[in-house]
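Sharing a structure, written as structure tokens. Questions coming.
Chain IDs A, B, C and D follow the sequence of writing; residue 1 opens each chain.
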Amino acid sequence: MQTVFSIGVDALAYGMVLFVISIGLSVTMGLMRVVNLAHGAFAMIGGYIASYAARDLGLAYAVAVMLAVVGTILIAIPVERLLYHRIYGQPELTQVLMTIGITFCVIGIANYVFGPTLKTIPTPDSLREPVSLGFRTVSAHRLFVIACGTAVALGLWYFIERTAFGVKLRASVDNAAMAAALGVKTEVVYAVSFAVAVGLAAFGGVVGAELLPIEPYYALRYMVTFLVVVSVGGAGSIPGALAACLLLGAIDTTGRYLMPEFGEFFFYLAVIAIVWIFPRGLAGRAK
Amino acid sequence: MKHVAIAALAAVLMGGVAHADTIKVGVVGPFSGPFALQGKNFKAGIDAYMALNGNTVGDDTIEVIYRDIPTADPAQSKALSQELVVKEGVQYLAGFYFTPDAMAATPLLEQANVPMVVMNAATSAIVTKSPYVVRTSFTTWQTSTPIAKVAFDGGTRKVISVVSDYGPGVDAEAAFKAGFEAAGGEIVEAIRMPLQTNDFSPIMQRIKDSGAEGVFAFLPSGPTTLGFVKAFNENGLKAGGVKFFAPGDLTQESDLPALGEAALGLTTTFHYAVSHDSAENKKFVEAAGKAIGNPAELSFPAVGAYDGMHVIYKMIEATGGAQDAAKAVEAVKGLSWESPRGPVTIDAESRHITQNIYLREVAKADDGTYYNKEVQTFEKQGDPGLAAAK
Amino acid sequence: MMALTMNTGTLSTARDRRARLTRDAIGVLVILAVAVLGYLLFPNNLALLTRITAIALLVLSLDLVTGYCGVATLGHAALFGAGAYGAGIAAAHFGITDPIAMLAVGVVAGALAGLVSGAVVLRAHGLPQLVLSIAIIHLAHEAANKASGWTGGSDGLAGIMPDAVFGLWQFDLWGRTAYVFGIVLLIAAFVVLRQIVRSPFGMLCRGIKQDPLRVRAMGASVHGTLIRMYAISGAVAGAGGALNAISTQVVGLDSLSFTLSAEALVMLVLGGTGSLYGALIGTLSFLWFEDVVSAANPFHWLTIVGALLIAVVLFAPKGLYGSLAALIERRGRKGR
Amino acid sequence: MSAIFDVRNLKRTFGGLAVTNDVSLSMAPGDRVALIGPNGAGKTTFVNLVTGNLLPNSGSVALGGEDVTRLGPTERVRRGLVRSFQVTRLFSEMTPEEHVALAILQREGRTGRMFASHRAMPDVMDEVHALLARLGIAHLARHRVSEIAYGQQRLLELALALALKPRVLLLDEPAAGVPQSDTARIEQAIADLPADLAVLMIEHDMDLVFRFARRVVVLAAGEIIFDGSPDAVTKDARVRQAYLGSYADARSVA
């Protein structure tokens, strides 16, 4: 029984890490309809900034996280204006080509600037302590990530469903021409959404770095994982993404506990099974 | 253009021209992609050797040509090796980080009359694929066998083996199992994890549940190692007194800054530590550190490459620059020298390197950096893997 | 009135046929010319050229399902790998070392893999479909890794020693035989595929890509048609895999990798989807470019490749061939 | 004459709301029936039930005496039930010639052929050109559909349906969205439809309905409230109620 709880905690923590990193991608893919394979690249940029701020400049963790989010958005703005701007509404394959190109460039530049070694983001002592849950100990950082995931989910839900901007965003998504006719500045809406998605990527990259360490190849290494959880959840849906992350996290964790030899099989067979049952993703909307 | 090509072709066909002006060495390795760091170390080792020993042997100038294979890709390795031999006219093939890449190129050697110096790929069987293969790195068997003895002598009797599910991981498991069971210990469980594992918590739970006193681990260096070691600490295994044994790939120096405190006290056996205390090594670390730019990125592939260049220089010396693979390989059989890692010999029979294997412990230096501290030496270790295969 | 139309119909049929044959002959001649040119210009680089040929078969095969049927997949290397391992295992474990026989095994293995992955991938559309294909390639990769007794696992499958082609031409160090073998295979595949994409079946596939509902309303089975195309695509990819196994005499797990699948897709989009020429041009230009820049700078070439991809999207959004064709068409119309 | 098309007691509910309720409709070869009804009457649902894109909760659909209720859309097409779309659904990258050839080949079960272009099949090409000529768009045979005018696309839509040689043809607002100048052509084409074909036209335009139909069926709130001659329809009290009342009752169900 204790083992079951223990696995449960691990599964929850892992699922939340996946959620925090992937949710930004769900925004770009579901709401902006851009297959953004460079999502991992932005998460990685966030990680590098945080690492540089916290480790090399010795700034506090919270400051480093803020800098990472803001810095990544600043870097992303010209990229959006110059490159992404050109692929809104283009065929998916064109978007794939462009965003893979961006990913390659970011990897190359990161490798050149920061070198190929792993970069850590020093966490404050309070997050490094093991915390006892009674039946087992778990690192405080894991609990922190779970909290972050919950906060992001709620915050984003509020932002999209309850704010005026959220209304404009959903209107622009459903019918850009109509929204524009109603006076919504779709250009601005897209730019802001993109910034939010990138900021979330950076945030996820930083808080998830304990599990997915920052190195130049990060951008490609985890791309598939992000893409899978977002699509399984149903792109654009926050509850869907959350459900997918928790479900896949649980399957992955349990599979790796029960039969580590076949861990990969578990995960991908589960993916096939879920998509088979929900061909539009867990919370998929009709096109 | 075409004439040059034909001339080069003729040169290859006729077994090379004595006293060629430039002798080319083709190096195949991962210079970009997820293993770029290891490829960078190849280059640093080669640059260091050439900086210290000059770029000429006799009248001949040595030129190194690099070709990139980001991840194991035997077909691409063969294509690039072929290109190096046929188009660039290299007399020596070297490098090879991954076993399949080395294996794929071995069928070319005899036909091309080119020796291959393996600077990393660590599966025992590579040297048996062609008489023209010489290896200056190590084998997983070679570095994993002594840690079994260390574990048993330290009083650990029950060990769980946890390795990544690919060739080297399986080798490491077999080597440790053979050594540990021969000594009288028990492997309570042997787990093979997929290479793509991000969260190691469930594995740690398995280790806990197995009731083992110690864990033997093998993973490819890089992000997975970091995740594994962190999970080992965070899940309370380290604090719970579970001993940790691994070959030195896990605590390679370039990963230590990231591993940091988590790695403190981990014991590994390996053929080379950057901290190795010898005049030869100081010279090497200085030169290689300069070559790589950031000395913290230096780790074991550099020394394999450095010694590989030594062997190639000796081969060129012996053949006088003529292309004669048989003669070149013959010349280095039994060759002994003082490497940065300690005394080494190319075993005449297997053409694999015989070397000391060191037991090391991750320690914190006065300046706050972490390093592998050598605490015990197993002298003149051959490759037990070849014997095991027979 | 009726007689008149019939007359013109028959006439135009005959004229069309001649025009088509001429165009095909030109296509074959161009491929042949490029092949001969490659042979003459880079006689020492035939291994690379052979590899390009093998990958070209993979990209052609991908074009069949992505370009002609609109199926999004990032797992197409499963078909290529099936062919490679099929041919390799036949040679290494069963002593089938005749290259033609190995090729046949590869084609069959590829077609079977095509049927299986088609059956799974066609279950969903859009992103979930992409994810199914990703799951397939990872499962295939893991399965091959697990079955190391057959596949050699991560060490690769070695010991493939193909006989001489027709007992006459040995596979040599310079890769001349392999190159000629590959080019002959590519041209054969090209000719067959030209027929298929123009046939009623190919037309139906193009229809499905544009509007599956409309096709259903015409009484045609969408799923059955796509599965058949997947099998054909598998046969072509399998031929590419077999060529790779025969020419390099080794098969590695990379041939079943996500990376190869993604690269194939990049090459296809680079060249332009929905046209066999686009697939060929995409493969040739990507691999050639990669070879040149990675040889020039083995350490930082990825950045340059990335920049190339971005540039193509910005300046040739329909792919290299697609944009060229569109330009020529525009010019032609202006001229008229 | 026996019924070629026979719908009996068709019922379909969405979340408890009956969108099609106990609808029965029978047609004989050569019938020209118009199906009309106010917005939200359930016409679209009815079409989807008949074509097999939706399954009914109860009731049956029969074609030429054969029960096809459980068959999918493609099977029904193969048995001679063909529809046209309210908004043209054509393959924008293909030519009219290719469209019609594809339909003919599909009808004859030859779309599985992989080694001969349709252009090398004189019988197919002759039929293609004859059909396109009949609808007056032969001169556009080799233009891409994306390049031809909407009115001509509607004609092609009709050609496509005819190429399948249907026994029952559902025309879903065949003239919708076509500029006034082109409607005459379309009407002419409809008037020229084969005499033995049973045609069910779903239409808003009452002028067109009166010119075309020999029988009118009115659907309102999921039920058939009128089935009779065009002359009688405007005089029917329930029809008047349904049309005028629909402005008061704004239930949106279709």
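One rule holds in what follows: a contact is a pair of C-beta atoms (placed from the backbone, for glycine too) under 8 Å apart; a residue touches a chain by one contact, two chains touch by 3 or more.
Quick caveat, the model's predicted, so the values are computed rather than measured.
Trainee: Please report the minimal path length, in steps, between subunit A and subunit D on the chain touch graph.
Mentor: Graph distance in the chain contact network comes out at 2.
Trainee: Name, by label, each chain that touches both members of the pair subunit C and subunit D.
Mentor: Looking at subunit D and subunit C together, no chain touches each of them.
Trainee: Based on CA centres, what chain would you say lies at the far end from subunit C?
Mentor: D
Trainee: Using mean CA coordinates as chain centres, what's the gap between subunit B and subunit C in Å?
Mentor: Averaging C-alpha atoms per chain gives centres 37 Å apart.
Trainee: Centroid of subunit B to centroid of subunit D, CA atoms only: how many Å?
Mentor: 73
Trainee: From the mean C-alpha coordinate of subunit A to that of subunit C, what's the distance rounded to whole Å?
Mentor: 33
Trainee: Hunt down the residues of subunit C that sit against at least two other chains at once, touch-wise.
Mentor: Within subunit C, residues 142, 146, 299-302 contact more than one other chain.
Trainee: Counting only residues that touch at least two other chains, what does the list for subunit A look like?
Mentor: Where subunit A meets two or more other chains at a single residue, that happens at 108, 111, 261, 264.
Trainee: Name the residues of subunit B that each touch 2 or more other chains.
Mentor: Residues 32-33, 36, 40, 165, 194 of subunit B each touch two or more of the other chains.
Trainee: Just spell out which pairs of chains touch, all of them.
Mentor: Here the touching pairs of chains are A-B, A-C, B-C, C-D.
Trainee: So in the complex, which bits of subunit A are touching subunit B?
Mentor: Counting only subunit A, the residues touching subunit B are 3, 6-7, 10, 13-14, 17, 108, 111, 115-120, 130, 136-139, 141-142, 210-213, 215-218, 220-222, 225, 252-254, 256-257, 260-261, 263-264.
Trainee: Could you please specify the touching residues of subunit B with respect to subunit A in the complex?
Mentor: So the residues of subunit B touching subunit A come out as 32-34, 36-37, 40, 165, 191-194, 196-199, 201-203, 205-206, 209, 222-223, 226-227, 230, 234-236, 239, 254-255, 257-258, 260, 293-294, 296-297.
Trainee: Under the definition above, what is the set of subunit A residues touching subunit C in their complex?
Mentor: It is residues 29, 35, 83, 86-87, 90, 92-94, 96-98, 100-109, 111-112, 224, 227-228, 230-232, 235, 261-262, 264-265, 268-269, 271-272, 275-276, 278-281, 284, 287 of subunit A that touch subunit C.
Trainee: Okay, in this complex, where on subunit C does subunit D touch?
Mentor: Subunit C residues touching subunit D: 1-2, 5-6, 8-10, 12-13, 16-17, 20, 195-196, 198-204, 206-207, 210-211, 213-214, 216-221, 225, 228, 232.
Trainee: Would you pull the subunit B residues touching subunit C in the complex into a rising list?
Mentor: Of all residues in subunit B, those touching subunit C are 2, 5, 8-9, 31-33, 36, 39-40, 43, 66-68, 71-76, 78-80, 82-83, 85-87, 99-100, 103-104, 107-108, 111-112, 123, 129, 165-167, 170, 194.
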